[in-house]
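Note sheet for the following structure.
Which chain is which? They are A, B, C and D, in the order written, and residues in each are numbered from 1.
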Amino acid sequence: MSESLDSAAKLNLAYWMRLTRTLDDALVAMWKQGRGVGGTFSGKGHEAIAVGAGYALGPDDVVAPMHRDLGCYLVRGMSPERIMANQLGKEPGVTRGRDANLHGMGDLEFNIIGFVSHLPQSLPVALGAAMSFQYREEPRVALTFTGDGSSNTGLFHETLNLAAVQKAPFVLVVENNQYAYSTPLHEQMAIEDIAVRAQAHGVVGEIVDGNDVAAVHAVVSAAVARARDGGGPTLIEAKTMRMLGHAIHDGAEYVPAELLEKWQERDPVTLWEDTLLEEGVLSPERLERLHSECRDEVEAAIAEAEKAPLPDPATVATGVYAP
Amino acid sequence: MTATRQLTYLDAIAEALAIEMENDPDVIVLGTDVGGDFGGAFKVTKRVAAQFGPLRVKNMPMTELAFIGAANGMALMGMRPVVEVQFADFISTGFDSIVQYAATTHYRWGASVPWVIRAPSDGGIRSGPFHSQNPEAWFVHTPGLKVVAPATPEDAKGLLLAAIRDDNPVIYFEAKPLYRSLKGPVSDGSAAIPLGVARIARAGDDLSIITYGSTVHDSVQAADEVAGDGISVEVIDLRSLKPMDTDAILESVAKTGRALVVHAANRMAGVGAEVAAFIGEEAFGDLDAPVRRLGGLDIPIPFSPPLEDAYRVGPHSIVQAIREMVAW
Amino acid sequence: MSESLDSAAKLNLAYWMRLTRTLDDALVAMWKQGRGVGGTFSGKGHEAIAVGAGYALGPDDVVAPMHRDLGCYLVRGMSPERIMANQLGKEPGVTRGRDANLHGMGDLEFNIIGFVSHLPQSLPVALGAAMSFQYREEPRVALTFTGDGSSNTGLFHETLNLAAVQKAPFVLVVENNQYAYSTPLHEQMAIEDIAVRAQAHGVVGEIVDGNDVAAVHAVVSAAVARARDGGGPTLIEAKTMRMLGHAIHDGAEYVPAELLEKWQERDPVTLWEDTLLEEGVLSPERLERLHSECRDEVEAAIAEAEKAPLPDPATVATGVYAP
Amino acid sequence: MTATRQLTYLDAIAEALAIEMENDPDVIVLGTDVGGDFGGAFKVTKRVAAQFGPLRVKNMPMTELAFIGAANGMALMGMRPVVEVQFADFISTGFDSIVQYAATTHYRWGASVPWVIRAPSDGGIRSGPFHSQNPEAWFVHTPGLKVVAPATPEDAKGLLLAAIRDDNPVIYFEAKPLYRSLKGPVSDGSAAIPLGVARIARAGDDLSIITYGSTVHDSVQAADEVAGDGISVEVIDLRSLKPMDTDAILESVAKTGRALVVHAANRMAGVGAEVAAFIGEEAFGDLDAPVRRLGGLDIPIPFSPPLEDAYRVGPHSIVQAIREMVAW
């Protein structure tokens, strides 16, 4: 699969995934130490999906990430400081203290659409973006992510159906991480593969190994290209595992240890680094440097964010409406 | 810009849609059955469907949550979708896309969501519990939305133009009993009537009725009726419910000392409660009598004529309230 | 297909379908003459589905019909008078003047659940009934109907998914009548057969000729039996045509005349009568008598309903809450 | 039936669930993540999940519209489902199943829909716009529902028992900031506290605060604070919002002549508007000062501490309002 990527791209993917993991680890650590505000979500295990899909988009394409997609914000260009500041409720955060953790981190400068908790509200929003591109005859694509749990919702189906009828340039990536909060797949649905849901709407459905960034990148790239060429929407099921709890407060005792162990062996970040080491694209030294660069970047981001000011309460009621 | 023609309430809406679609290619219309030769359950979009075709007047599958959600996405991309829900009653099916997504977006991350939802509301036409609702209170309570409810053809046109041009999500409640029954003068041109400004539908000195939508006409009728007895009633047509023209309310009540709030929606925790509570708080010293409210009963809206008539506010109940209040 | 039905059952089906058609025709005529109140819906073309499915249920099974299913109310035992009285907003109507036309015509004495306009709200309600049967270990089944338009809604999918996960004794009949109000199938969905939507949820999907009452009866009977035996839910797509407008005010000018002509040749009521004539189950005389009995019954119902009192406005606010 | 134990607000709810599931096999629990060893996002159902197992405490896919719809069907069959929405904020996702189906059924065709939806509401815990909402006004405005909002462990238990036994759809708003922070005496046994009866949380003579939910405690605290200055404040805890104990409100206001309405939900067209409008209409002659309202700002609920604190009502703003009102 990795054949279609050149070395620079391969290294980029490694960098973004490692940066994502480093920032994710830092968030988890800080919140456990009581240095956080409210809750936070970890996307550990989802890096290959968030980064691989995000990297498959062009700069004019639009993406609506969800709560496991830290890597997608990064790969689209949002800085770790701003993300960290948002999670800490600071004024320089993306939402200026308005919305929590990764919620609401939209910024149209990066063609990122923010999400709300109510799942999967981002789906029709991304579809609407895709429909505007179609209407304006712009060669742009909208991509969004959702979870296995969200694939049971009505809105998932309504969106796919509408996308199919409109033949919209829309790509939907389902991050099947085996659980919706505490609920395992078999209590959520009676099917094996979420990708079959594409057939209910006349949409192309694909399954991909969500821990293989090159595979994710390839299948998403193909879907994006098809969408851009007027070939209509694609549903991609990326199979992976949520490696930590639903959110920071959740110890996920309900997840069997063996399941986590099995998936731990296929950690998407190290899997890709190992591939690149084997291929000789990365040397052990370069990898070490990559790790330490990511650590430095994240530490600097934390330092910046921690010393940034909180929002001024006098501004609390401003910005509800566009002027 | 002088009022030269008489248009129905419906044609005034249709004209505003056409004007703004001509002015601005980013304005498109979405909804179930709005397009093609059909042009909507009430034919409000028939004119624009014929003029602009299916790329700009788009039939949607009956999936309100998704197509209002899609309108959110279009609006974020700078388009100005005008969504029709077939009846205001069905706006609840798209609720999350409105109250959770559209309403909160600008506050959260600063992006504008400039859409309009056109919602044919109100009853009196024997359509029963699911084709007669006036659900505006849900949205007036929700931060981040604007809510409009024109009572006349002139306002229907001018407020729709303003709503489409507004950079925020605006819910525009059409009083469907007025569609073809009400004709009135409508200005030429494309001037908008600003949101948030009430209108004095009838001037008076003894009592203020604060109302909107179809009950503006019932109120004026009631006011005319009691005028014979020397009771001078002012009727304030709010036009916008959110933002609300609180200055106009205070000014009228300061003059009359008596306030009656009237709407077609059911009374319990309705928009009238906000208006009455506001007056009680801000105009306490002006009041010569308690602020009263009239609205529908706190029941689903029944369909059989004697029941629906008993459910609804009308000129008769307004006259009675006026007389009681003046005698207080 | 009709082999599995005995003569009495065949005649019953003919009777219920003809009664349905006669009442339907009468409603349309009255409303056109201005003798109605509010609007009304015609189920012309849907008789084989409404009657065939309704007849496949046992008396303890529960059904939630929709707005094309006049025949189902009748076959479950609701009298034409009461139905007519409801449409006229009269006190002896099922809803005592509260709800319009066929809306809200629930009566648990007949194990009928009433519907609301918001489509397809009856689906999860019928599923909930099925889940109670399961919980109470009662050998009962819940069946409900919906339209092609409604099959695009999220609630359709959420319900099927939940039914599948619960393996509930639930049968869902989609009356694919080619249109949702003015919107033809191809503007609603990008698939050929709605039955494929079953696969998105791991549910059995069937397609049946919705104008062949014996076929409908057979496929529904099999689904009901499977549900009763713990085999879980079934989605049945019955293909038919809405022969009149969406509701009484709608002239349906948007429907091509040829389409109606094509389906008119396969009118479900006469198709079945012709079959029974051919099979010798019905003689021409007996058929004539059947028709005139139905006419008499409907005329009597109209007369009763028209002279019944309207509700007392003093009762308008009673019954909002259970005591 | 004497109060013998101190329980948290959360344990009182859990106890009521357990009691009623023991009493009545028709009571079952539904919701996302309510079952198994997990027992709910807040662990409210952990006790009953352990005691009654997966047939009676059922995990649902995250499809609120469908599972509340299924609760409608179960209730029609005589069961008494108790549904948990994970946060009150997500009740909007099941909106149609509540406001269109459940709320209207008894009126339309006489069938009872006896369910309870438990909705963990309210904020102050830095959870942001989608995990802090107080959406009760939508439901108080909707005919056919009952709405309850206990403020104490004793009421949480007694009102939940009443809600489950009630033959109507009841939305039961839990104040999640109180779950573990509030402990209080809770009666043994299985006596219900009737819906529609308010409680005097604190007696007083100079001013009535009418409130419910978490702001009952803020109000009592404020009342205690001003007591030092000789201001005697009565705090009425409504407990039920629909039906509402209007007699208790009138009685208190008749005594004090001053009414302050307080709730955590945003103020604009909130339940407080209904209460204030009602007082203004029915107790006009008793009032020595305008009825005032305190509630959240008309904005989505922000997450950052200084912003959320600025959004919320608290003892401080209540004290200030009391002082202003007494000085009026």
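One rule holds in what follows: a contact is a pair of C-beta atoms (placed from the backbone, for glycine too) under 8 Å apart; a residue touches a chain by one contact, two chains touch by 3 or more.
As the structure is a prediction and not an experimental result, all values here were calculated from the model.
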item: Of all other chains, the one whose Cα centre sits farthest from chain B; value: A
item: Pair from A-D, C-D or B-C with over half of its contact pairs in common with A-B; value: C-D
item: Interchain centroid distance [CA atoms averaged], chain C/chain D, Å; value: 41
item: Whole-Å separation of chain centres (CA-atom averages), chain B against chain C; value: 36
item: Whole-Å separation of chain centres (CA-atom averages), chain A against chain C; value: 45
item: Numbers and ranges of chain C residues touching at least 2 other chains; value: 95, 98-99, 103-104, 116-118, 152-155, 158, 161, 165, 187-189, 320
item: Per-residue multi-chain contacts in chain D, two or more chains; value: 61, 63, 65-66, 89, 92-93, 96, 100, 104, 107-108, 129-130, 143-144, 297-300, 302
item: Contact set on chain D toward chain B in their complex; value: 89, 92-93, 95-96, 99-100, 103-104, 107-108, 129-130, 137-138, 140-141, 143-144, 242, 266, 268-274, 276-282, 284, 287, 289-293, 297-300, 302
item: Chain A partner contacts - residues on chain D that touch it in the complex; value: 32-33, 36-38, 41, 59, 61-63, 65-66, 86-87, 89-90, 92-93, 125-131, 297-300, 302-307, 309-311
item: List of chain D residues in touch with chain C within their complex; value: 28, 55, 60-61, 63, 65-79, 81, 96-97, 100-101, 104-112, 114, 143-144, 146, 167-168
item: Chain C residues within the chain A interface of the complex; value: 152-158, 161, 164-165, 167, 187-191, 196-197, 199-203
item: In the complex with chain D, residue positions of chain A that touch it; value: 37-39, 89-90, 95-101, 103-104, 116-119, 149-150, 152-154, 180-183, 187-189, 253-254, 310-317, 320
